[in-house]
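Labels run A, B, C, D, E and F following the written order; every chain starts at residue 1.
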Amino acid sequence: MNRIVTFGEVLMRLSPLGNKKMKQTNLLEYYFGGTEINVSISLANFGNKVKHISCISDDFIGETAIGYLRQYNVDTRDIYRTSRPLGMYFLEVGAVMRPSTITYNRSNSAFSGVTPDMVDWDKALAKGNWFHWTGITPGLSRGAYETLKEGLKHAKAKGFTISSDPTYRSGLWKYGVDPKDAIQDLMQYVTIFIGGVNEINEILGTEYGYENDDFIAASKALIEKYPNVEKVFDKIRIAINASWQKIKARMWNGKEFKETEAIEITHIVDRIGTGDAFAAGIIYGLLNYDDFKAMEFASAACALKHTFPGDINYATVKDVEHLLSGNTGGRVNR
Amino acid sequence: MNRIVTFGEVLMRLSPLGNKKMKQTNLLEYYFGGTEINVSISLANFGNKVKHISCISDDFIGETAIGYLRQYNVDTRDIYRTSRPLGMYFLEVGAVMRPSTITYNRSNSAFSGVTPDMVDWDKALAKGNWFHWTGITPGLSRGAYETLKEGLKHAKAKGFTISSDPTYRSGLWKYGVDPKDAIQDLMQYVTIFIGGVNEINEILGTEYGYENDDFIAASKALIEKYPNVEKVFDKIRIAINASWQKIKARMWNGKEFKETEAIEITHIVDRIGTGDAFAAGIIYGLLNYDDFKAMEFASAACALKHTFPGDINYATVKDVEHLLSGNTGGRVNR
Amino acid sequence: MNRIVTFGEVLMRLSPLGNKKMKQTNLLEYYFGGTEINVSISLANFGNKVKHISCISDDFIGETAIGYLRQYNVDTRDIYRTSRPLGMYFLEVGAVMRPSTITYNRSNSAFSGVTPDMVDWDKALAKGNWFHWTGITPGLSRGAYETLKEGLKHAKAKGFTISSDPTYRSGLWKYGVDPKDAIQDLMQYVTIFIGGVNEINEILGTEYGYENDDFIAASKALIEKYPNVEKVFDKIRIAINASWQKIKARMWNGKEFKETEAIEITHIVDRIGTGDAFAAGIIYGLLNYDDFKAMEFASAACALKHTFPGDINYATVKDVEHLLSGNTGGRVNR
Amino acid sequence: MNRIVTFGEVLMRLSPLGNKKMKQTNLLEYYFGGTEINVSISLANFGNKVKHISCISDDFIGETAIGYLRQYNVDTRDIYRTSRPLGMYFLEVGAVMRPSTITYNRSNSAFSGVTPDMVDWDKALAKGNWFHWTGITPGLSRGAYETLKEGLKHAKAKGFTISSDPTYRSGLWKYGVDPKDAIQDLMQYVTIFIGGVNEINEILGTEYGYENDDFIAASKALIEKYPNVEKVFDKIRIAINASWQKIKARMWNGKEFKETEAIEITHIVDRIGTGDAFAAGIIYGLLNYDDFKAMEFASAACALKHTFPGDINYATVKDVEHLLSGNTGGRVNR
Amino acid sequence: MNRIVTFGEVLMRLSPLGNKKMKQTNLLEYYFGGTEINVSISLANFGNKVKHISCISDDFIGETAIGYLRQYNVDTRDIYRTSRPLGMYFLEVGAVMRPSTITYNRSNSAFSGVTPDMVDWDKALAKGNWFHWTGITPGLSRGAYETLKEGLKHAKAKGFTISSDPTYRSGLWKYGVDPKDAIQDLMQYVTIFIGGVNEINEILGTEYGYENDDFIAASKALIEKYPNVEKVFDKIRIAINASWQKIKARMWNGKEFKETEAIEITHIVDRIGTGDAFAAGIIYGLLNYDDFKAMEFASAACALKHTFPGDINYATVKDVEHLLSGNTGGRVNR
Amino acid sequence: MNRIVTFGEVLMRLSPLGNKKMKQTNLLEYYFGGTEINVSISLANFGNKVKHISCISDDFIGETAIGYLRQYNVDTRDIYRTSRPLGMYFLEVGAVMRPSTITYNRSNSAFSGVTPDMVDWDKALAKGNWFHWTGITPGLSRGAYETLKEGLKHAKAKGFTISSDPTYRSGLWKYGVDPKDAIQDLMQYVTIFIGGVNEINEILGTEYGYENDDFIAASKALIEKYPNVEKVFDKIRIAINASWQKIKARMWNGKEFKETEAIEITHIVDRIGTGDAFAAGIIYGLLNYDDFKAMEFASAACALKHTFPGDINYATVKDVEHLLSGNTGGRVNR
């Protein structure tokens, strides 16, 4: 059985109901999120064994977060607890041409305080075979960067497949390391690259365009520099507005280029976590299908995530397959 | 004054708010529903005298259900109370390409335990002139089938018009009667058939297609076998996805075929009960208009139901007429 | 710094959540609204100094209303308190082809009881330079009409720019004055006319059509009769249904006609107060831009209002500029 | 079967949840209340046939109110509809030594506009045998006073028992009639007087004290002046604070004085409507028991009302009997 | 490490908020409960390894229930899934002298359908050392009785300590077995008896009184008949009303009688599950303390449960110790 | 007119509804609190002009906080905005013997980052005459300590009365300054000392007991060391449990000792902010009454705060006077 390990920050997400501004209400809904647990939980919902490694506050907020992960069948036994508070973010949900707005409270969080000594990577990775990380983690703090790197070394040594979604978030990277340097450093451990032209340009310092040919050229350049990278998967979002978008995907797997049909999401419920749903779809897909089917699966999974409120993709393998079989009419399932 | 009688199960419907999964919240909204009370309440909202006959739990849930029916001006005086629990269903509401999902808890319900001795049909039908039933009821239990048949006999004897929505639901019919036999048996009492090619094929064992010509042929075949059937009304749903659909209708009234313009529902609020809204529209329409206007009225009523949360169609005759007059712009009514 | 003064009724708005009918729930959300405070708060959100003058109940409802205005940085120091209750309205929110419905409880309200002696206009207008009024106020009561007129006299004498949205609401005007007479009487004080062919026809007793040429002709006729009117701004709503509409604007500024591109709002959250958002946009725009940019700004502000629940337009100048720069894709703002 | 008729205003009650101030939340719960419908619904909950006569707004608020009454099995067929709004009140619920606060919006309400021609008393009272009124009604408007008096004349003529809770509310009586005159005028129709020394002093202009002897003397004086009065029932509230009180009752039935044991309510949920619960208890009691048992029943019913949120007493006869049998321990009823 | 195994039904508990009747609201809160999982989760909250064995519906309700158990760190790997629905109960919460009311929907539940072949007891009990059962389980169905008995045989054979709370619930036992026979049959497996004079009388057919001497005599008689029983623990509830109660405990451990001081709970939040909290306290206590301290611990745990809404006792060992150290003042814990 | 200035952190308070644990719900209510704004808002509710000085996040959370203060009529014009997040705390509300629990997220907050250059004290204090500070502020960070000291210097120079509630909170003071040193340093600016034996012992390093004689001796010792201190006011809380407490107060005003009667709060709604309500009561009282009446007023204000949810004391002067006049029965205020 596949066992997938993720490492990253667990955030509390707080949001007014519907499209309200916080000024309009004193009621908030909260969930837990964070790009890596989103991947982890989606993979658990696909039936995989998953473990998440993190550093979480040693208070009732942290306990609640851990119970949340357990609810979704994520192994929490290697999570470290500290006295710093859990990171959080507030979200005001937009609509149509009004963007959603997020403000973070994470710079002093439990996870930002993680240091390599807090994780026993040998124990934590004892049973797994796949490791997933994102570009958020090394952007948070030197300790997070170093702890991640330590984990990647262990994962590589143990023969894990290592996937990465190296998203660059400009609001991070405040601790004195150049993002380009750090990501380049970590790229040596990556097998599956889940990102597009933007991310490749960021890493290589190139300026490829967005056409398919550009994507192929960029992917080749990436693999040339990092021969450990085997495949590149890119999710494409075509936004009519915040409420109506299309999702498609393309890939260069070292041998051939392919792209999927676009899936139209006419009434978006929540777009947070849709990239994570795509990443989880790629991981599940590669473990179970060929590359193209994996990409189709990921694209459909990503599309379905837009219909669930919160960060989590609740779609099961059966749900994704149902959509891939052409069932888009939304007939009630009794 | 027309007095319409319905007979069927009252279900509690429980659902998380919005598009949430139950895992995401511990708050549920409940309404009462069930295909026959949906018809009944819609007809009451159109200003008719209606009575619903059922078997309901003798506890505070049952009391609440009865108060609910009374709130909507449904006569509840012939409802029988038993110690079995009220049937219920849980609904997770989908969006776009994600279907809504329903799970039932009704197999041991108060209504499934109904037996012919629990209804005094002479008393219950004393003042009415129209009886409506659906294919759900005989699928629930032998007692429900037999009690319905007894009611139909009385209604026919009293000269009622009898309409039927003979929906076939494959999750039912667990008690040892063949659905085809039962529906064929009950067809002898039907005057107005509210169903399409699927239902006719199910009853006659035929394989008509979905084109208008097929529909006409199927309707003729049905009437040939059951000359008591006078008119056939078919609602057609064209689904772009779970959130965006079109509704149109067609009919064969023994003499001519007609169909309506499609009405587009771009932002569906709740599609549960829309078929029932159509049936109620047909009944109201036939009691007040000619066949084509009845079908137009039903189609517009059905479309409006998609804009109300819950099972109930709150549209009044004035609301339906307003839409039929071409007012689709949603101008605020002050 | 510009200081804008508004005068009008503060209403409590009560509404079930989502698209529910009141029959479906015993929970209501309330906000405060009213066309003039909507303008006022939107202008405060654009960074202006604003003051609202009104007459409000001297109970905990009135206190709550005043705190609400203060929250949004509206100067409430010249509000008069009386023993009559605050006006209110109930709103059932429609969807698609179902219109929203409003019922008022304002005919005996605190504001309807306002009389000229309750406002010290010299003090109230001491620091301002712009006065905005609407056609709702003179429709409420003789006292409201007279108090408004008194305010307009003072504003004119102090050299204020005076804008008016002379909306005619047929449900008002119950107190024995002919709406046409009253509006004609008040038109002498108007500098900026925010209204279209309907309003001009109402005032002049003309029958201009809706084409651009008609609009120009009507505007010219208006200015001919009321030479104090300098510019006419007209918001145009193209409604597909209650959930999907387009907004555009046109103007005649005494010299030239211009119109904007339509902005499409595919998933309307709340359309109450969108006209007020347009008016606030015109006022802000004229104080900061040329006429055409003012109209574009107003049109975009109006479009954004459709994405906020409640009466208030929360869009800031930055938000409106962001949309005017072509950012319609709803990219999350982190 | 007994049929009880009540006449009075239906009010919407709006309240923040828990002990919140309105400033703290924008969510309100609403119920419908009003002293006479509280009596009516409590009597329906005791299994009686009841009818309520009123004048209610002809909008969706009024429809919701009527559905509410029907839900609780109150006959609403003689309710008149007008264009004036439904009366309402806002309630901020206190605790311990903080009093609850109420502000009304009823002076221009549908019911305040009632006039004798709006009620066909012959039809309305056709089947009943008991009429209940309170001192609120004649305090609202001249029309309400006159319509009530007309009803009392008819009721007396038809041989009804007439009970009255002649509460004097100083915030009413704004329309130019002296409360003492009006109540004295209406006393000629009263058989059962549900009130205490305060009310008697108000009516007779006397100054009796609060001891039992005073109560007996006052009752005798009342009966002497109004020989139609047969019995006097007085509810006594001993308040430790807003959350903790005791209830007891005493009576003079023309022959003997009796009083009940006090019932202690250590954790009050909602005290609105507890006087109405007492009145309903007296009416039910007199129709079914001897005078003393009637008073005990009323006192226990009143105590139970303190445990239900909202205006309504949900206690059934079985619940009241259960308490009267000494079951105060709150053992879970499975 | 101790590993405790429980076996029993998982129920969904549905309840209006606060003290509302279902008629007053269409919002329900749900939790999962059931006497055995209440014990299980409380023990997990005390830091123990626990496993719950059950039979749960194979739908999204069942999935939600399992996620709920996992959230609270209960091992769910030996739970069987079937097509029957999850049992549930509705609760209207009383106050003061108004009892809470419960209505069940469990007679046809997933768990009632359990049969011995559905549990692999060898596997399920592989690692444990303590088994807890209650009198609810054998009362549900023959299959539940037989499956429990099979489990008890295995537990005994494996040397488990077996505790029982043999509560007799008269609303159960509908399937044709005499409760006395069944409980007597199962008593042979019990080591720790958590029950009082009522339960002993029920089992032995005796009529002991409630004094301490009676309790000692009854306990001795029980142990005489079932020498496998080592200790008897009895929780005593002294109810002032539904909102205010006292808890104390007594024991006969085969050698000595002891009783605790009463703990007063002046403002009960939720009393469901308080007996289960006591049982969990006894189990934890006997595994960690002497008999008297165990009973004190259980009594304090039980008292604390009254302060948590829902079925679960959230008190940790630290919380219980804190209370046992005399900290009853409720000082805020920052 | 008196103008009172406060300086301190504004915190967001997040809490599940009722007595729930966060694990039980994903809905939170939020308010803004913090000991100094609690004092400030209470004083505004008493009708005073108040200004709060702080450092608040420059995001939509900060904007919401500022709107909140404005709603309650607190002058926010001298608040500084920074990029650090607003501090916050989570509260799980206990009951009876279960304590409430708080966990903070404030160590890296906007306010902790305050430095003396962020406040223009000359401008900020231009119009005031009273300054209030608490022991929380210097415990947060060196910058907070230094900024406060700077403010105190200015206030003293301008002749302000300076009151202090020098609460010592052991969870703070992490930045390397000894709390005793800091408080001793700041004591030189204090005129009115709002604290008891605990606080005095902390400051003087003494060990006075809790009797009245001890309090007098301690107060004298404090005044001897800090002759600028004129009066000492001590609130005494006698806790039966978390839900039921008594409040009384005592004082030494340099000349005489006095104490108040205890006020019993039998059903506490929320005890957060009750100390702040006392402090605000002392300030208001000293500005309007003699010392003893001031203390009585403060004690009653503090008692009333226990009946309001949230941090704010909503009691007005009229409410406090009403209670002081002996109105403890909670009679509904219509």
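Keep in mind that, in the parts below, a residue touches a chain if its C-beta (ideal position, glycine included) is under 8 Å from a C-beta of that chain, and two chains touch if they have at least 3 such contacts.
Quick caveat: nothing in here was measured; it's all calculated off a predicted structure.
Undergrad: Of the pairs A-D, C-D or D-F, which one shares over half of its contact pairs with B-C?
TA: D-F
Undergrad: If you take the mean of the Cα atoms for each chain, which one ends up farthest from subunit B?
TA: F
Undergrad: Among the chains, which one keeps its Cα centre farthest from the Cα centre of subunit E?
TA: Checked the centroid distances; the maximum from subunit E is C.
Undergrad: Taking each chain's centre as the mean of its CA atoms, how far is subunit A from subunit B in angstrom?
TA: 45
Undergrad: Residues of subunit A that touch two or more other chains: which are they?
TA: Subunit A, residues with two or more chain partners: 21, 23-24, 26-27, 31, 67, 71-72, 101, 104, 267.
Undergrad: Would you mind writing out the residues of subunit F in touch with subunit E in their complex?
TA: 18-21, 23-24, 94-102, 104, 169, 171, 239-244, 267, 271-272
Undergrad: In the complex formed with subunit C, which residues of subunit E make contact?
TA: Within the complex, subunit E contacts subunit C at residues 24-27.
Undergrad: If we count contacts the way the header does, which residues on subunit A are in touch with subunit E in the complex?
TA: That would be residues 67-68, 70-73 of subunit A.
Undergrad: Taking the complex as given, what residues does subunit E use to touch subunit F?
TA: Subunit E reaches subunit F through residues 18, 31, 71-72, 263, 265-269, 303-304, 306-310, 312, 314-315, 319, 323, 327-334.
Undergrad: Provide the residue numbers of subunit D that touch subunit C in the complex, in ascending order.
TA: Of all residues in subunit D, those touching subunit C are 14, 21-23, 26-31, 57, 59-61, 63-64, 67, 84-86, 88, 90, 92, 101, 103-105, 107-108.
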